[in-house]
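Next come two complexes built around subunit A: one with subunit B, the other with subunit C.
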Partner chain A sequence: MPLLRPFLAVVLTLLAANPVAAQDRSRVVAVNYPLQYFAERLAGDEAEVIFPVPADVDPSFWRPSIADISTIQSADLILLNGAGFATWVDRVSLPRAKVVNSTAAIEDQFIRTESITHSHGDGDEHSHEGLASYTWLDPILAIAQAEAVAAAITARGIAPDDAVATRLDALRADLAELDRQATGAFDGMQDIAMIATHPRYQYLAQRYGLSISSLEWEAGAMPTEAEQADLVALAAQTGAQVLIWEAAPPAEAFAVAAELGLANIVFPTLAQGVDDQTYIQAIANALTAISEAKP
Partner chain B sequence: MNALYLAFAYLRYHWGRSLVLTLVAALIMFVPIATQILLSTSERALVARGDATPLLLGSRGSQLDLTMAALYFSDERPDPVTMREVEAVWDSGLAVPIPVHSAFSSAGFRIVGTTLDYFDFRGLTVSDGRGLSILGDAVIGADVAQTLGKGVGDTLVSSPENLFDLDGVYPLEMPIVGVLAPTNSPDDQAIFVDIKTAWVIQGIGHGHEDVVTAAEVAAGTAALSNAAVVQYQRITDENIDSFHFHGSQDGFPTSAVIVVPNDARSGTILKGRYLDSENPAQLIEPAGVIQGLVDRIFRIKSLLDVVTLIIAVAALAAIGLAVFLSYRLRAREIATAVKLGARRGMVLRLLSAETITLLSLSALIAATGAAIVSRNSEAWVGWLLALGS
Partner chain C sequence: MIRAIALASICAVAPMGAAAHQLTVFAATNCEMVTVEAKFSNGNPVMLADVRVLDGNNTLLLTLPINEDGTVAIPLDSVDHSGGLVIEVDTGSHDNYWIVTPDDIARSCQS
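Presenting the complex of A and B:
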């Protein structure tokens, strides 16, 4: 009995303190899954990390509702990807003091895509230079983004500096391991032409010297006959031996590619999370698949 | 008691003359007091706004113009600085920069393009509706709402920049999504939008098929876009995704940047970075500029005090003359009173009672006026300061 009383006191104190702790947790909003993953690993239990985009919506083209915007505005930290990802941020009012662009330090490594030329009303034609946005598919750039997230969390006092530093070391090691695995997986593939079902892999290709041409297929869908014809033409033009899918399509789609002599590889782009896999696991699994399917 | 009764009866009988004397005396007392109250309130309001704005970044030029444009949204148009300056302050980690883009107006009120940080910085709260959320939203100050009779759900159209704007930049229609609680500051007289909306007004950002034509407005139907008949552009659910900005945001303009340093040391370091006169940007302390303005006002006030004093002396002399003449006119009345047995002291008491009653009534009127001025001084001064140049 003498021991029971202090034990109960401790339990009651913890029970009473937990709701308060939950309320006091900082809130971090991320515009894509990789940033959500990095923030969760770096902030630990000290922050609630929110990725507000519904699972069936491409975060690049999401349009937030007024309620979503209100949630985002009230966060303690808003993590943007930069590199032109999630253009909705240009059309929404965000508190600049809370916004952090995770690729601000690596803008010199951005990949420019082809220009889009158009005109307004009677105005002259003008061009917009596009940017490849999926920076996190390059583990080295992902390290830079993770460092930016860690600095933002530390600067705002969301988690203790030493804890963030320790977690960043672990995350950096995991990403470095991914880089090592990718270097091995793509070893010898620099001369093999590849086709991607969507233009998402520019940074991955640049990092590992890959030659990837792109189609504009819908993720996870069975390609139409016209799309299949495009694939045939592109495969003939490039001599491609590998087809990279951003999401697993129906089995018939794999068969179509296989008939053309293409090795099928599913490499999730991870703007949205993949069921039951973390960012690290999903990329590691894709790299393993590449190693096994290497022509 | 009898003397007061007789004095009051006399004043009531000669009510016209008594009224004029009372009002003149009241004015002589009221004017210097009211001037003092308004000037003191102006000083407090001016200095408070300046004190509440630690540093101001803008294009090198008139510090007063920069301060008036950024703090009081006046008609002064300092040369803009680029958002690169804002990013430079962010990158320094020494302060929070808040851009203020006040180049445009609507219905006679300044459109202030800024970031949400401004509302936190000034402690502005929305009394009706919501805050800024999407491109095109406008939140208006309390005076704007009252003067224009507009509220949440209404719209405002930006005024064309100038008649010679041949770039085809159309005015922008903005939905009012919120009304701010009154603050008795220039913020009550402003229309707040996201700075990106200000850039759309400026033509830096635009959408496709986003114009509303005169024909459409007249007929209530859609019409073909044609620059010749276009009235204004409108951001809608259908076209908002087509809105985009040309070029790097770092090169986009802002009229000024409010800089809130983390601490005194950060402020000093930042100020040191803008000392070079070759730097096209300057970092100033608005409090110092405002203090200079206040000092100037108070030099004028000294002159005003002398003028008031001279007028007061003249008016008092006029009142004295009027009283003296009235006594001369009443010489036979006073002689009759003496013959009836009134002593000289009694006569003096009667005359004194009349004068004291007059002055007491005047003081009461002046005090009432001063109380009204005092109660409304902040609102009136806020309005006066926001009138612009």
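Presenting the complex of A and C:
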């Protein structure tokens, strides 16, 4: 008993010094890495931010398990990207009061796309309209998403209003700096045709007036001979001078593109995070690469 | 060839994906049964499809044909739903799924 009292005093002192550890933190679920990054910056230590998709899985097409959905349903806040991103969100029941669509305020800026043409049974051929989903690659749209995340965190009392406001100001400034950097990096490139290895850059292209045609290559993989032939044909058709890779491929793949006169640029799409780089760092690095490789 | 590439680029633009919006599957639980509804994105009900019911370990519990109105009812006492259920609808050319968690079922029994 004489030993217990000082022990308790130490424990109470530690808990008082770290109130966050003394209570359960709020749990926030994000459907992609950018929203995870925004939520972590905005909520600070006041929340545990979970991005449940395994690192080797494309979050757009992740199929969660029942246990995953149970975890998500029990979160305090569920951050959706909107714009059709993450197909699983339409295949489960999510508690409406906890769900926030981070692009709800910018739906008027969505880019609509035509999808596959096909028929059902004896029905006529038809096609479905889709939406480009990688909104966060446009720093201005990313600011709107960050603001939506901040509002959601504040509304649910996950972190103090003034702390969230201060963090949002800093995040907004970082995103505005990315926009400034992008404006400079893409200056003069509006008349230069580019090809992307995957159709992910629609919002980036729209913001900076770029012309980007797309292939459908697997990220980070060596393109097959047929895919290389597609590149040759598309480069000839468009007169492209730049090839944008969503992930670095083998060196041989860079050489193939270089032989066609294409400048190789890796611009991660960031639905998943990139090792050792934050969202801001990854985009800033890609923009630096564009500035240096500009034809 | 170029047209094919251009089409490929258009088709793959939306991560919502081709398969994602062609067939819509929804399942509602009322404590006694799970009612599954499947329709195409043009609103037409799915008239011919297999409905597979899997448990939380992805073990197939049951396969049923869908009714002509695009629905099928699965009595909860006919399957072990303690770990939740995954409902898959497969028309042969399209497939999609709906996840029912243990909490979904528990909530339906409270209301």
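The rule is simple: the second predicted complex is superposed on the first by the 262 of 295 C-alpha atoms of A that agree within 3 Å, B and C clash if a C-alpha of one lies under 4 Å from a C-alpha of the other, contacts with A are read in each partner's own complex, and residues count from 1 in each chain.
Here, contacts are C-beta pairs under 8 Å (C-beta built on N, C-alpha and C of every residue); 3 or more make two chains touch, one makes a residue touch a chain.
Every value quoted in this text rests on a predicted model; they were computed, and no experiment measured them.
In the superposition on chain A, A:69 makes contact with both subunit B and subunit C. Annotation for subunit A, partner touching more residues between subunit B and subunit C: C.
Touch criterion met: A:96 reaches subunit B, while subunit C stays clear of it. Of the two partner chains, neither subunit B nor subunit C is touched by A:135. Using the contact criterion defined above for the overlaid structures, shared-chain residue A:145 touches neither subunit B nor subunit C, since it reaches no partner.
Once chain A of one complex is fitted onto chain A of the other, the partner contacts of A:272 are absent, as it touches neither subunit B nor subunit C. Within subunit A, the residues touching subunit B in one complex and subunit C in the other are 63, 66, 69-70, 73, 87, 90-93, 118, 120, 123, 126, 128.
Partner subunit A is touched in their complex by these residues of subunit B: 90, 93, 96, 98, 115-117, 120, 130-135, 137, 168, 194, 196, 205-206, 208, 211, 225-227, 230, 240-241, 243-246. Against subunit B, the residues of subunit A that register as touching in their complex are 63, 66, 69-70, 73, 87, 90-97, 118, 120-123, 126, 128, 155. Residues 1-2, 4-6, 8-18, 20-22, 24-25, 40-42, 44, 56, 58, 83-86, 93-94, 96-104 of subunit C are the ones touching subunit A in the complex.
Within the complex, the subunit A residues that touch subunit C are 58, 60-61, 63-67, 69-70, 73-74, 84-87, 90-93, 113-116, 118, 120, 123, 126, 128, 130-134, 198-199, 202, 213-216, 229-230, 233-234, 237, 271.
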